[in-house]
């Protein structure tokens, strides 16, 4: 469990970092909670590693005009505990608290997790439910991609070569909203066997808005659009949950076969929705 | 001379904090990987990625050319050294020759093929990946029942039936019992492969001293002396030129009750390169190449009367041995047979073991070693019988227990249970949970469609292992007690504790026996150059055998001290009181220090007495001990997801006399955690090609803090007559009592759905599928 | 190519030339000679390698030493100030929160972090707060007792 | 691990069969394949660089086409090994006409060993399906026809 040799650079500025990333076979170290284990296993053997840990301006959480901006190098712990996230996007804070364990949350970063796009990662579910925008930057340009257009396949995102995640913009949740992240963690790895992020806005007894992000179940996280519609059209939680995963090919592994995983996703979707509805005012 | 004597408080029985902890909580304890030596090299082992393959060739050139590499060893280099030893012998046992490194074939994933030695750990890892091994993969078989099927790939080509041994044991007349039976219940019960997973992996540092022609090996083991004898045998060197030092050991649980190829290899390499060499196992290696536990497929048949009286028990036991025999591999299932009657009065038993080779790492002793399998089997069968008879599982147990006046009790398997009151722990546990109330609550819950289970197990185990007649290489234990010239006391125990806390419990015994301050006692272990020969720590024997040896050594020493006391006091009637010797007539006393000085200065000596104050005792136990207890587990099963939550865990254990209740509680908690691990989460899974696909802790689920219920632990104390301390042993009790109680509880929860048995681990998916199959979701 | 790093460990300055691939745990154990943090799993699960980096717990087997350049590290060896045990250490001792001791340095530092974040945790919060540390010996119950006792002692 | 699936190609069955047997096409469509060199009738040496996010590995191995039965099907065996482990895919491809195109039904078994097997079980199913999908997507592009349509895969 010893990584192969590599060259290491730790740029101080974004410009410097983007210049380095623009050329060559370079891996980006953004915390390293996924990359370093892969390097130790020698499943990843990059020749050069660019550590974003010292780039100024990539770290921080702020709220401005109803949008919460979170720098790519912000740790899960910061997102879990920040007053800004807890006040304005509590779903994301709650989700962050489910990632790995305390030590992992102290080091792992939002940008790293999003760019790695593990099919069982927690954030994507919440980012989809929150309709977050992921801002990407390269030496040439900056662009913003909706979360729903960002996660394309297992470990595959809209990131182009030379691009990095700059920050994630989350529209602030309405104070009246209810939210919940329901996760079935794998007992060994802690990865999401399934994870459901739900947001609910009520209008009296009617559900005015439902947003449901699902992770762990398919090759990449997705929005359960049909379920959202069921709820917004006055359908029951049970009916909504029963549509989650329709048309998806569920992942299958030793812990959860495809049919069990699909079932879990539906059960936990119902539970997440129930919690979100109970929290909505 | 002082005349006032204050008798120190009795320490035995007190839950005092441990003597060994200050070094452990400050990070200053020394484990194998903490050892550094001048000129020390590092070894990395190249292992087979295939479960079965011919080795067509090995090219070490690139590795040897890598800067910093000093040597690469392959099978050819060690071909003429001895084999990894198996100490067990059974009639007709087939023992494959277990070379230190693979010769022309590999037999399991992780089989060592070559060793790369370099100046640096990182360089060794780099160079290991440069060793090119050409494999010609062969069909593999990883499942013991498939290995027995006609046409299965032969693990060892010379034995196409994959059978290492068969073993039959019978007691009483099972034929008659099954003819007399009014009911017979049958069940296939598995006990899955488990990975012991001590948090410290194995590791070895070996150093050759050419001037002395001697080797020093630091190794993380439970049995330093046996390792010395057996590794010296492999290397063909005099064993008194091999010194084995066991520094701090970060957990063993049976996995370090063994002699491994790497221990002999590092000794060999240190001598070959003339430099100290270190090898520390990675977690992957630990999973692939350190022994696993369990691996049973058991077919039970239980004969009984309709009133619940159990008559006879038949067992066909298929033991997955793996590809080789490690130290005790074939012996483990025989322990299961010995304990198959449990705590019950069976008139007859019959057992057939089939030991099966598979292309997997060998199985061997893991916490409980054979007894958890036996207990799981009988305790499941009793519950299955109770369910068939519509009897309460507690009632059927009370009916069949060996009575408290029947000890020593001769079992149909040839054992003599030492002492017991088997009903008492169950009565206590039932009172503690309000069993009748719980059953009522369960009825209400069931009526509401909830799946609530109450499970119990009443276990017996065989401990204080064991009388030498029943052991391959001696079952006694040794202790030396020295009163140093300054009056301080040094204990050298042949047992080699590694977390159990004998530095404390032994010091408690010494402090009480000699009346000295516990802080004046030092317990030394794990160095063959310092400590007299010993057997080691396993089979819940540390205190029950090692502590008894210590007790007898102390009696000898006390007799000698008294002679010096009498001499100094000029009296024939003296007593040892506290840390002094007192003249019974005058009350005058001499202190320990004064007697020690007299003994070592030896200006005058009592008649027929040697100078010095040292006593050594090798104690041969006359019997095993048989702890017992009752565990009750209350579970709730989530009907939607199959998830199990444990509402209550009550353990009432009887491990005989208790020396330190705090440490005993710790053993129970840890044992239960490993039992729960087996019951709910852990399973070493090999795929059909023999790949271990639970290859790291990212897939093999060890219990975490949040998984564990609160364990409500209490005790009954039935002293063992086997040893003078009255102790029975407690290292494995929690594990043995746990898994059947949990499974019984979950089966009880699911019984309204017609479920009668579930094999471990009880994963949510498995439970969910059972619920779905039974239509229980609707 | 080796890089020069300077960091402070347990209040003492260290400067060394290291390969970028050198893991922090190996730097601490083999270069700085601090063998309190242990290696238990290598896949960032067991937490035996836990140390504090700028006051937060990290798994030092999943971090390169170069990432710690210029930062403050606390290992178990630095916890007992002037030979006086930290209340968490004292509680682990009193409550028998360890057996083989291998996971203990990491477990103690994680407990310390837990109490810094939440001075009065419930048992469930303690158990969840220690999810990044595995113990194979104790069944965790005495560890939970120790953390609770340390909380009472105002650790 | 069992794999199976059905894809539809917008080329006639004979053409689809020819494409699926053409080493140049296979080399272009197999994810990571850097070349196939004929070593015997229906057998090709393969070099492959598998890249999946941060994970990458070089494999050397061979591709074997067995039991050819044009245009209805054949058996395809892909074997490779490298530092991170080894893999073997052995499956049967069955072709049938579907309108103006062809349906490819495959069924087989994937075995992996080494590090991939030790740590990869969680992702094996997901990534296998992804790689197969990539193969058929490229095959569709290579056939210079309109896109490939996935009917079902599990």
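Read from first to last, the chains carry the letters A, B, C and D; within each, the first residue is number 1.
The rule is short, and it goes like this: a contact is a pair of C-beta atoms (placed from the backbone, for glycine too) under 8 Å apart; a residue touches a chain by one contact, two chains touch by 3 or more.
Only a predicted model underlies this, so the values are computations on that prediction, with no experimental measurement involved.
Contact with subunit C and subunit D alike is made by A, B.
Taking each chain's centre as the mean of its C-alpha atoms, subunit B lies 29 Å from subunit C.
Averaged C-alpha coordinates give centres for subunit A and subunit D that are 31 Å from one another. Annotation: 44 Å between the Cα-based centres of subunit A and subunit B. Residue numbers of subunit B whose C-beta contacts span two or more other chains: 121-122, 129, 282-284, 693-694, 696-699, 702, 704. Annotation for subunit A: residues 1-2, 4-5, 42, 186, 188-189, 254-255 touch two or more other chains.
Contact with two or more other chains is made by residues 83, 115, 119, 121-122 of subunit D.
Pairwise, the chains that touch each other are A-B, A-C, A-D, B-C, B-D. The residues of subunit D lying in touch with subunit B in their complex are 83, 85-86, 111-115, 117-119, 121-122. Across the complex, subunit A is touched by residues 1, 3, 19-21, 23, 42-45, 47, 50, 53, 56-59, 61-64, 66-67, 69, 110, 113-114, 129, 131-133 of subunit C. Residues 49-50, 109, 129, 284, 287-288, 687, 689, 691-696, 698-699 of subunit B are the ones that touch subunit D when the two sit in their complex. The part of subunit A that touches subunit C in the complex is made up of residues 1-8, 10, 29, 32-33, 36-37, 39-40, 49, 51, 53, 77, 100-104, 106-107, 188-190. By the touch criterion given at the top, residues 27, 34-35, 38, 41-46, 116-117, 119-120, 153-156, 186, 189, 191, 218-219, 249, 251-255, 258 of subunit A touch subunit D in their complex.
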